[in-house]
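Both of the next two complexes hold subunit A, though its partner changes from subunit B to subunit C.
Showing the complex of A and B:
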């Protein structure tokens, strides 16, 4: 099925921590907005919050009762891992600093942090959503959202923290408003999906909500001033129109221009605006924050989505892809039912390796290090639309109807391997480290087989340390990985 | 349960199976002291699961058979196809769920289990297969105490459940006889 390519060896995901404690499968993980805490939720009806001991790079002393740290595992020798990165030590001392329990009566399926990092929402098979706040050093439940008829499968806060979206097996998407005094009011209930809704995610600009369903479709929802309406449905119109089985997860790229989705049909699809071909080059994708930064110059306008499938990544997964995450580096991580974690990128992974190494050097030298100027990419000898990036699977790309300006290699345009305006540092904002090369074909850059001993249910990149990846599994573990 | 979906199922004999030791063995497994899991072993796990409706096992009703089982021990994959007694059987999901639960309980966690209807054996084949393949739906279903107890009744040792079902059958017969007279 899959033939690894030599180029894949230049990048790897290294295990840096393996966190045990949950008494049942772990369904989801979520990083706090600053990336300093990781929350995980489980069939054991609890949430665990994990964090790193400040400054420690040596093994901990006697473990405290709540500390559940296992560093490394049998297949990773900690001494050989001692890498060159000093930002986060190769042997990381992660421990469980809080357990949220005695709230839900059934599996907790999903968790989400509020944008200010002060609240957590938990979605449960018991048909409720709980809101938690940190009071001093203790997490307390402060609200409960009731309304779904049965299992709630996903919960997500919008970027300004005013709204929460939820979805579940009752086929509906609910939108709740956060009011003063820890009150929450349901402002809309959206029917439309014909089956179980698996995931909901907000666009980084707000204004636009995406839902993914067992009915094989993806729906986009916008507010029309009065209520939320379904402004677009991706798929569901017969063969070739979208996914051919349950869509499990969706994720926006760091610029909010493209959407990635993963499915039981064993593919990942990348969706982009029909207008995207008009103005090639990195300039138009610059993010200035707020919705003003999105959609300028022919890109996606969140209030009027017009997505179509530009790329399908198939042949890389042998079983259901349960989760994917498009990280701040522009790389896409996925977790599947064959216990694997994959990382996809655009262009030449060898280039990416150079970039990553350069950024490691820079970080070691400290903020005074010189910036790498834009590096023109010579890995672009493949036409956009040519088959197969660096992996053995089949990457099919649909050429845009109107013809894309980015159809060939354009070394002079300086397709930046490192997007750096001199102010952004590694780990700061989405215009920091971008090892991939825009406009180049997608390929598989690294794959960890047997990343876990069972299905990988969720993968999430750390928002502040963009090379740190969290994963969780039916094997009851949460694992942390570092991209080298 | 006053009306059975299939009041007159065809009942087969329980086959007696003799395990023939094959010469071809995975040497690594032998070194570990472990026999590779094969189709017969899977069949042994599932043959005596009770049909939810009738006082017979899935083997007796030909719902499962050894030749509808595929096992790849090296890769840790098991595939079971089952054939409900009638094409519109509403118990198909329950039977599929019982198969999945039995194998989950009996096999090492490294095994990936696929349960499907035999092609062409059911009017809602795709829909049933999709539900059985969705592990989130399965997990949520098994948290439902009513459904879980139905599954456990199917998985309980044959004698108890068969007696129960036969008693129910007798009561129905008596009831019918009473109303007929």
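Showing the complex of A and C:
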């Protein structure tokens, strides 16, 4: 039944931390914009914020992997990872640094960080959304958004932090504007879906909102100056046009050109602009050099979406796919009802492994003395000039635990030499580690069976450390994985 | 066949009544808000004014007496959505349909 993993032993997801504390199923996880904090929310009506101890490096583990010791709020000793790789071997001391509670009267289903990392929004089954801000070292609730008739399923900030979108079981999508003085005003309410709306996500350029629903469709919304209108509906018009069951999650690729969706119909679909299909070269996305914006050169124009299904990944999941995330590396992670986590990539996983190894080498051999050895609570990952990408990219993959503090232009040069084309990437924030090869067919690169002891509800790649993946589950745990 | 027509009429009457009731409710709310605005003009922000005006227009143009109108349901949905925006602005969200009791129902 299942399509096999191509070259299964090339890549793997290594468990680096198992975080316990929630008293009920964990529904969602969200990384802070700088990747230094992870927020998780649960049926226990709380949000927990996790971070890594500053300066936490320890010698690589020499022994075989041992079972993780799980304690409550205390620092967790994660599974030790055997092997000689310095980056992976260092133990990662994650702990719960904050608990947000006493707010919602029911399950908290979803959380989202504001783009500046200073605020959190929580969406609850109690039909409200709460906005929290960090005052000193304490999170306090500063606003409440009421309006949904019943359970709110998802909340998300747009890229400039002005707007929040929410959706819920009442079949509507709400758009709120953030005003001075922590005021929020409802801008629009979109009915259109005929069933429960499971997820909403903004396009990285911000002008486009995507919603996914129990009614099997995906809708795209744009602002026409007066109100938000549905500019495209994907699926729902009979067989062959889209998903044939509930769409649970959607995610944009790092360039904002393609959309991935996952569904109860056991498939992942990748949607791309019709204009991109017309570009020269088989399966290539139209790429324009150095414009640094979205929508140049025949790709997707966010204000006028024209998506069609380009690829369907089927045969890899045996149960509902509840979550997916298209990470900064161009790889897609998914979590399903069979307790598995999968990672999909384009092209040859052997080549990808070479790319990842090269990046690890560069990181190890880089100039000493440039310090990135600690993750402070202010968000300590350093930003270096991106190597082979277009103007906007400024995040390089750096693991604070490696102590050597390298990467940057050298690593990027190494990486881009291994890409099958040296073309500049369209879009912002899209440089850095790209183990896959664009234009090549998609395949399953690794699968962790029994990643959790129950349904995997959410998977999310870290925005600053793109090989770090967070997952959460009905088994009440949050787990962190490293792609190697 | 005869039974089908009878059932159809019954359903039609019921649905028609529901739609009329909903649109009428919105119209009543707007009338009330306008009356309040007349006494206290500061109550209504620019955005809410735009919303009220849009609602009034939508109700005026609503095909209440044209049940075969293709856009009837789309119009109703737009109306419903816009009403919620304005009601939210006034801070008095009265759902037309009564809120379900907040029991611990299963939801995903």
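By our rule, the second predicted complex is superposed on the first by the 370 of 484 C-alpha atoms of A that agree within 3 Å, B and C clash if a C-alpha of one lies under 4 Å from a C-alpha of the other, contacts with A are read in each partner's own complex, and residues count from 1 in each chain.
The rule we apply is simple: a contact is a pair of C-beta atoms (placed from the backbone, for glycine too) under 8 Å apart; a residue touches a chain by one contact, two chains touch by 3 or more.
Predicted model only: the values in this text are computed from it and were never measured.
With both structures placed on the common chain, the touch criterion links A:188 to subunit C but leaves subunit B unconnected.
Of the two partner chains, subunit B is the only one that A:454 touches; subunit C does not reach it. Using the contact criterion defined above for the overlaid structures, shared-chain residue A:125 touches subunit B and also reaches subunit C.
Of the two partner chains, subunit C is the only one touched by A:146; subunit B is not.
Contacts of A:106 after superposition on the shared chain: both subunit B and subunit C are touched. In the superposed model, A:337 lies in contact with subunit B only, and not with subunit C.
In the superposition on chain A, A:172 contacts subunit C only, with no contact to subunit B. Applying the stated touch rule to the two superposed structures, the overlap between the subunit B and subunit C interfaces on subunit A comprises residues 106-107, 125, 150-151, 169. Taken in their complex, subunit C has these residues touching subunit A: 47, 50, 54, 77-78, 80-82, 84-85, 88-89, 93, 95, 97, 99-100, 102, 104, 107.
Those residues of subunit A whose C-beta lies close enough to touch subunit C in the complex are 105-107, 125-127, 146-147, 149-151, 169, 172, 174, 185-192, 226-227. Residue ranges of subunit B in contact with subunit A, taken from their complex: 109-110, 112, 130, 133-137, 139-140, 143.
On the side of subunit A, the complex with subunit B involves touching residues 25, 43, 106-107, 109, 125, 150-151, 153, 169, 196, 198, 214, 245-246, 264, 319-320, 337-338, 453-455, 474-475.
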